[in-house]
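My questions will all concern the structure given below.
Should a chain be cited, it is by its letter among A, B and C, assigned in written order, with residues numbered from 1 in that chain.
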Amino acid sequence: MEQVFQVFVSGLLSGGIYALASVGLALIFGIAGLVNFAHGEYLMLAMYFAFWMYGIFSLDPYQSALINLALMAILGYLTYKFIMERVLDSSHSIQMLLTLGLSMVLQNLALMLWKADYRNTRIAMTTSTLDLGPLHLSTARVLAFVVAIAASVALYYFLHKTYTGAAMRAVAQNGKAAQLMGINLKKTYALTFIIGITLVGLAGLLITPIYPAFPTAGAPYGILCFIVVVIGGLSSIPGAIFGGLLIGLIESFAGYFIGPAFQQAAYFLLFILVLIFKPSGLFGKG
Amino acid sequence: MLLKIDNVTKRFGGLAAVSEVSFELEEGIILGLIGPNGAGKSTLFGCINGTLPLTEGTVTFDGKVISGNKSFQNAKLGIARSYQIVQPFGNMTALQNAMVGAFCKTNNYKEAEQIALRSLETVKLIKKKDVVAKHLNLGERKKLEIAKALSTQPKLLLLDEVMAGLNTTEVLEMVGIIKSLNTSGITIIIIEHIMEAIMNISDRIIVLSFGKKIAEGSPEEISKDPHVIEAYFGVEEVEEHA
Amino acid sequence: MLKRLLNINNSVLWAIAVLSIIVPFFLPNRYFQDIAVLTFLWAGLSSSWNLYSGYCGRLSIGHAAFLGIGAYSSTILYVNYGISPWIGMIVGGLFSALAALVIGGTTLRLKGTFFVLSTVAFAEILKTFAIVSKDLTAGSLGMMIPYNPGFANMIFQGKIPFAIITWAYMMLVIILCVRLEKSKLGYSLIAVGENQEAAENLGVNSTRVMLISYVMSAVLTSIGGTLFAQYIMFIEPMSLMSVGYSVNFILYAIAGGMGTAFGPMVGAFILVPVTNLLRGYLSFISGLHGFVLGMLLIIILLFRPDGILPQLKGFVRKLMNRNKNNEEKGE
């Protein structure tokens, strides 16, 4: 029983990170309607950045977080400006292929620059544990979970309580009408993209003390985020948060009860079932 | 009877777009379907050809109950439909567009090409047969929309506002085309807002308002029917009274 | 006139396709012949992908699943039971057809990104099966095919026999695509891709049309998978059945022109040699090959979304016109 509880908590902790990475995509794909297949690659870039900041300047990922996030915001803007803005009106297929190309470029750029080696960032928190009753939890993972959930919730309030957030949702519902109301479409899209990328970057730096950085470290997250966003009902931020937690739990339990190789297959299967039986998502309306 | 619509209702959510509509259609005539915007005319087309599943009622075509069929099944039986908002296959040529329809009744490439060419000839679009559909102008696209439907060799043709947006010369040409289709033996139901045109070509007219059939009769009868006048001009009368 | 010129263009492409078989015989060594084999193979695979996704405009990025089914079916039968890969190829084709029926039956009605993601999901699930069925597939260790040359074993000493086989494979798929373009199925498929509802109104049973061509595409990909395994003589699931592999299918088709019979071939004929030479001569920079492919994909989509085939056709057309003008002047 204790072990099952440990499996549950472990799944929940990973789920928090999935949630954070996914709300970024929920913003970009679910709300702005832009397909980004390179989403995971930004997580990888943030991991590398955190790794190098620690290696060169001895700044741990939390100390370098602000510079890291600023950099991610800039990367997000550049990606939007030079790639996405040109295909705002193109079909999803075009956007998909384009960002697939981008993900190849970023992965292989990382491979060219930093080799395929696994880069571990071992800070004090990597090995320290929090003991909550019978549970032994890695401090870094608990911190990552808390920050991830806090950031996701903050995003929800940003979307629902600020003018800019309302503008984003308006553009999502009806771009033309929003434009007539005086909302600058391109600026809003740009901002959506920047925030989305910054959030997935935050997920990346939070897991740097836990997992190694390598060129394809972000690839599984890219697909996973899409799955979470679809399961969560596309444009719903709470949906993405719960979806992320759910995927974390499924992965954890499938790994424990069936076998580690089935971790991914389990949520892919769930995803197909959702597509067939409830395409509006588990947490979506209707 | 070629077509029998019996008590057909179509609801979207709680809203009835078509409500308890019944009528019969004998072979060889042109039936005009008129009514204010949002009266449910296009929805009724969808119910007849199978694009929209019915909420209630039955549609019988050529002696067979066809409500519940998919639109491709009805196309094979001989019901073709053109859309108000034209739906060309943009990256195919006019001929290829029409050939998609022609393959409805044949598997042979050469035969399909012949059928499609004849359709393009009928709608007077033969000169543009090798032009990619997205490069055609509105009038030509409207013709192509008919040519596609015609290529399925239908017994019943549902034409949805094929004259909207055309200039006077084009409207006259279109009237001629529709009459010639009818002469060749195709039964036609036509939705149209241009009153002169529809009064001119229809043998009989049905008026829909808020999803209900409010009148049926010859063009002369319809133009004098008080219900129809009210449905079309009711709002203005109210304003006058006020 | 335009039509005749287009036909002339097609005959140029036919000539390139047919005559390309001569090339491997004139290549100086095994290294270049290897590139020729891979070029034919990828041209065939990319054309197979094109048969559904190219014409219908619905992207499958899970086609590596069928590549894997083809490769594993023949390899398992050959390595574990000594059954000829030629038979294994057919068995693999049948399995792929079955898989395509199941996958297609559940996902073809999905649209856009949802369909794409579902193809990835199915490919990942199949990959997991390949990894965990250790008794059958040796799991992530991969399977080696013992070197035992002979026609029945589909293993040959030089590269030339494989060049001929892969060329024949490429030709088979291209011929099928050309025939598709002149058939009811092809017209229906393109129409469904353009506008599903409008196509159905014209009597097209879109579900059936999509399923048939998806199964065809899967079977052809699977055949390529067997050839791939027999040529490389080693298969393992992590790379063979990955999204990364699936992207190659798409890339060549897009570069040449999606939804055209010769597009994928043109794309593969240019890109496979270029990227392999890059990989060969600049192997000290690992990642360069993928980087260049990714950049190409971005550049093509941003600036030439229809691929380079229309450009080539335009170029040939200009040449023809100039010749014609000269002839007329001469007269």
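Assorted remarks:
Note that in this section a contact is a pair of C-beta atoms (placed from the backbone, for glycine too) under 8 Å apart; a residue touches a chain by one contact, two chains touch by 3 or more.
These figures come from a predicted structure and were not determined experimentally.
Chain centres computed from CA atoms place A at the largest separation from chain B. In this view the innermost chain, defined by its CA centroid being closest to the centroid of all protein CA atoms, is C.
Averaging C-alpha coordinates per chain places the centre of chain A 33 Å away from that of chain C. Centres computed as Cα averages put chain B at a distance of 43 Å from chain C. In terms of their C-alpha centroids, the spacing between chain A and chain B amounts to 50 Å. In chain B, no position touches at least two other chains.
Within the complex formed with chain C, the chain A residues making contact are 29, 35, 83, 86-87, 90-94, 96-98, 100-112, 115-116, 215, 219, 223, 226-227, 230, 259, 261-262, 264-265, 268-269, 271-272, 275-276, 279. In the complex of the two chains, the chain B residues touching chain C come out as 49, 51, 70-72, 75-76, 80-81, 83, 87-92, 96, 99-101, 103-107, 109, 112, 130, 148-149, 151-152. Residues of chain C touching chain A in their complex: 57-59, 61, 106-107, 110, 112-114, 116-118, 120-122, 124-125, 128-129, 131-132, 243-244, 247, 250, 254, 285-291, 293-298, 301-302, 305. On chain C, the positions that touch chain B within their shared complex are 2-3, 182-184, 187-188, 190-191, 194-195, 197-206.
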